[in-house]
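Quick heads-up: structures coming right below.
Next come two complexes, and both contain subunit A; in the first it sits with subunit B, in the second with subunit C.
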Partner chain A sequence: MPSHAALPGNAMPTAPLDTRYQIETPEGIDLPLRPAGLMPRALAFGFDLGLRGLILGILFIALAFLGNLGIGLGSILLFLVSWWYMVLFEVLNQGCSPGKQIMGLRVVQDDGTPIGWSASLIRNLLRFVDMLPFGYFLGAISCLQHPHFKRLGDIAAGTLVIYREQPLARPHVPQAPALRLPFALELNEQRAILGFAERQADLSAERTHELAAILATPLQVSPARAVEQLNGVARGLLGPS
Partner chain B sequence: MKQSLFETRHQPHWQAFATQVTLLEQGKAKTQDLTHFPHDYRRLCQHLALAQERGYSSYLVDPLQQLALRGHQQLYRHRSQLGAKTLSFLLADFPRTVREQWRFVLVACLLFFGSLIGIALLVYLFPDLIYAIVSPQQVTEMQGMYDPDASRLGRAAERASSEDWMMFGYYVMHNIGIAFQTFAGGLLFGLGSVFFLFFNGLMIGAIAGHLTEIGYGQTFWSFVIGHGAFELTAIALAGAAGLQLGWALIAPGALPRGEALRLAARKSVQMICGVIVFLLIAAFIEAYWSSTTAVEPWGKYLVGATLWAMVIAYLLFAGRSRHAPE
Partner chain C sequence: MRLSDASVVIRPRSTWEAMDLGVLLAREHRVLLMSSWALVSLPIFALISLVLWDYPSVAVLVFWWLKPAFERLPLYILSKALFGETPTLKQALRQWPRLLKGQLLASLTWRRFSLSRSFVMPVVQLEGLAGQARQQRLGVLQQRNAGAARWLTLIGIHLETALWIGLMALFYLFLPQQVELDWDWQQLALASSQDWLWLEHLSNAFYALILVLWEPIYVACGFSLYLNRRTVLEAWDLELVFRRLRQRLGSAVAVLLLAVGLLVVPPTPHAMADQPQPAKPLSTPAASQAIKRLLEHPPFKNPETVTRYRFGEDKTTDKAKPTGDARLPAWLESLFKKLNSDTFKSLALVMEVLLWGLLIAGIGLVAWRYRDWLHAFVSRRRAARPTPTQPMPSQLFGLDMGVETLPDDIASAAEQLWATQPREALGLLYRGLLSRLLHDFNLPLKNADTEGQVLEHVRHLQHPQLLAFSDDLTRHWQNLAYGHRVPTPLAQQQLCTHWRSLFNSEAAQ
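Up next, the complex of A and B:
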């Protein structure tokens, strides 16, 4: 296959341009995390804010019937809800407050391990500074300029808000007689061909042909037959099912 | 090995592991079923590495990665014994941290108690100064609260216990809120902590000086001395924790600023946990002891002085020798 090195303009960037964050585990494997940006986090916070308001509203109405005792309990409650709501949910619910749960987010430590009491306490106490001078101004700026979208509290606590992994549906690889190419494929070429076969259902027929036609010459087939040829190679790579 | 063969051979393992992880995530896993968990996890990691190395398709590698990540989350979850840890924290770790960070504690104490005492003296000597610091309404409010005649009238009957409850809740909310703000403000290069320490010292000092000057000293001092031991120390310590954060940003030493901040935050949060405990004690004393009128003022001074001595002795001496609970 032609190498891209000759075309500096089109050369593949060495580091991928996406926002993935790799952690290496003690077992020697790399796990990719996907940090979440400002918008989903703001929405999650908005939801949490609304929920807290709702909880407090309902409880305050109930406590109003208890007189002074109710006021006392109410202030303790207000304290718990305003300072501890996030900490308790994050530590006891696998890093998800209800808002994060809905937006599909979770908080983890920088090294991918679950968040503990002290880190959660730091990031939520320092939320006060993130909110300065109004409406999460500092937090938003810090979040927008940081490569992993951390607000100040996250930097201090060494935590990261990531997307929770969603289960993937396994696509169907198109039927084709298995083929073996006369030359060896590199690993990323192998994966590219597999990816092409697996993602065909999402592409229009024209685009599929257009993509496959690029490889018609190295595969030594006519552009019209390139798709079938590639599917065959993918089948061959997968092996008999 | 071809991808399909690899997959069919190991699929049952992966499925079994996934079920176990799901159980763990929901907190329903039984201990005896988990003896093989680390082993299964390592096997999964091995399969993942193999799949990546052999260039199998992303639709095989990605689910394995997700599963490994979920397993990683469960395997490395911290499960500490909260009870024993709290005890050793209170008996030893907290005062040790305070002593270890004595420079910050000293600066915070100077800022807070210095401004408090300084302004109290100034207001006592120049009474009109109070109106430059505290608004006239607040002054009248404070005077109403500590008026010896009014309080004798108002508190002739013991306060109802429900009112104690109310005040307890209020103090918890209000004071811990202030302490948290003082701490968090440290992130602004320490300026926030300095501001809150100074500001709170100024307010408390001005009111103390004013009330003493107009002759309400007895009611005021006998009320505040008891819980003040815990409350004022706690505010100063919260400020010290905040200053620690700020200093990590100003002078990170050999580390990058972010890293220095992270390390400082981990230490200072210990101090904050102690501050929370102190403030809970303070709120309790303030609501149930400071407000009683059954005890003569000299009794309150005595108890108050003992509490101050206890707090100072605790911070200076507790945890110097190693004890069994650690």
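Up next, the complex of A and C:
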């Protein structure tokens, strides 16, 4: 591709697509949330459905020996499990039903605060609208076409299903003498250099050299020594640890 | 391929997030993707249906089988759109025959049932790999993310089915009332006659329509999974930042030179601020107009149009529900019968009573809990308070008012007292008058009333003789009480006579 292709006409008119959902707190802190789409949510729902079916099946078999009483208790149980299972888990378990827990999902309000009783009730009562006319027809279409993957219940309740933050494993940074650069680095550049050092294990050796060679000229080293140099810079950024 | 032209944010994501990005990508270009898919697949679907008119199931199977051939077009569009070169619909459609050339047979036969089809497709179509090279590439790519790609296909199968049935249900629900349909499900299931062929083709058409919605998303999700895998493998995000950093440092010298140059050139006078204009004289009406105009706009006034649904006229013609008296299967019925045995009936009754009691207690508890609230709203107008019968004061002006403390014949008692204790005598008369006013005329006298107020009450009685006597007596009483002036014997006599004429005659009547 010719290098002069980046004419003003080719410039991207809009912000690039991303799956992040930014919230700015009054203190000026950006909270990046990651809304979850249809696929993990469908799997989470499938798991919850199976679990509920299992619970109900076992209890119904047990209740079958109790005659009319059993039918009565079974009806109450059916009501509780079908209407309150999600609500209770979401409100009392930090927005995670068991299925969501397994898929690493969580329900929060639009502003990132924990979900409350009313929001959870609304979003779960409106499940029955999402299910119309069969098998989450409306919910699936809404989920696929909404920029933050909300089904109708989520839109009504003002809630958001996001990926939970998973605990991070401590990354391994290759050993190298710490270096300081003679010029200032911006935040994303610092992160990229740290990322380069941390992700070397996942990259092939050739690709590592290729990436480091991009910065050989500004670092004023030969391309062969660029990897070591960058690792040193990463160590320097990391500080004594 | 220039990463800096990418229209998505490139960073390593989790597999599910990568799929979400695919959904967003498909959403961004949905018009182009869906219309191109529809223009390609629907005519072919129509053709297949016409050729296989007598075999609708085979027709839909063939159409389903051809999906990988159609999927190449959305992938082409997405790969172009990713780097900001979104083709027009015409360009895309013109490309389709060329796209079909590479390994079409393989993708329609032995690779047709691969669950990670969408993930693998870019390797063949975009990288153009085949044979051993393709195998090696797939080996690297599928170390991770392949499971997610399989899940994607599995979810896709279920979603397609759900949407398909949903669309048929919608169609059934939206049938106008006038079309009298007595479709019986059994009849539909067993229908093999020619009559129902059109219906089966209709449901096939629904499937084709559902694919217009879903397939671009499916392809986009597979594509974004592929992109994500390569981003992780080749650290595309790092390359992007490193290239920008190199560019920034390279141009730093030029910027420095430019800055020095700007400092040397003296700024032109145009760049200076203008002289402040003299303030315009403001008249009061103009100012108030301006203020009003300002107040009409945000942030002082934020008009908002609210549209709400309201209940319309009640439809009285409530359709009788079609009572599909579904009979329970025999085993379920026998189960219910067993459950209805007498053993638990009493226990069930107890439970029922308990539950009803719980409900009533709950309502009572709520009512009690919010009694103040209810009180404030329900009984806004308090019931008219029954005017309490004011207790008669037992004393007025420090004088005992009880009937029993007075002698029977007050006038005679007074006459006897005049000579020795005129104060006592007049006091007795006045006491007697007040007592009469209280008990006989039921005047609402209070402990705090003054003599004048008592007279005022008497005036309301419309009894001139009584009024005249009261007036007279009060005057003498005040004269004696405050002025220590004893009434003349004549006046004493008159008072007693008046008393007799007023009260004794009444007593006689």
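By definition in this document, the second predicted complex is superposed on the first by the 221 of 241 C-alpha atoms of A that agree within 3 Å, B and C clash if a C-alpha of one lies under 4 Å from a C-alpha of the other, contacts with A are read in each partner's own complex, and residues count from 1 in each chain.
Just so we're on the same page, a residue touches a chain if its C-beta (ideal position, glycine included) is under 8 Å from a C-beta of that chain, and two chains touch if they have at least 3 such contacts.
In this text the structure is predicted, and so the values were computed from the model without any measurement.
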Combined model on subunit A: subunit C and subunit B, fit or clash: clash
First, second, both or neither for A:E165, with subunit B first and subunit C second: first
Which superposed partner A:V227 touches (first subunit B, second subunit C, both, neither): neither
First, second, both or neither for A:T113, with subunit B first and subunit C second: first
Touched partner set for A:A44, first subunit B, second subunit C, both or neither: neither
First (subunit B), second (subunit C), both or neither touched by A:N188: both
Subunit B versus subunit C as contact partner of A:G67, first or second or both or neither: both
Single subunit C stretch clashing with subunit B - from 163-171, 307-315, 379-387 or 487-495: 307-315
Doubly contacted residues of subunit A, that is, touched by subunit B and again by subunit C: 67-69, 71-73, 185, 188, 191, 195
Partner subunit C, residues of subunit A touching it in the complex: 1, 5-6, 10, 12, 16-20, 34-40, 42-43, 64, 66-73, 103, 133-137, 140-141, 144-145, 147, 149, 163, 183, 185, 188-189, 191-192, 195-196, 199, 202-204, 207, 211, 214-215, 217-218
Touching residues on subunit C, where the partner in the complex is subunit A: 1-2, 4-9, 13-14, 16-17, 19-21, 23-28, 30, 84, 151-152, 155, 158-159, 161-163, 165-167, 169-170, 173, 213, 217, 221, 232-235, 237-239, 241-246, 249-250, 252, 335-336, 338-341, 343-345, 347-348, 351-352, 355
Subunit A contact footprint on subunit B (complex, rising order): 1-5, 25, 41-42, 45, 48-49, 52-59, 62-63, 65-66, 68-70, 72-73, 76-78, 160, 162-170, 172-174, 176-177, 180-181, 183-185, 187-188, 192, 245, 258, 261-262, 264-266, 269-270, 272-273
Contacting residues of subunit A [partner subunit B, same complex]: 25, 27-29, 31-33, 67-69, 71-76, 78-79, 83, 94, 108, 112-114, 116, 118-119, 121-122, 125-129, 132, 152, 155-158, 165, 167-168, 170-171, 185, 187-188, 190-191, 194-195, 198, 237-241
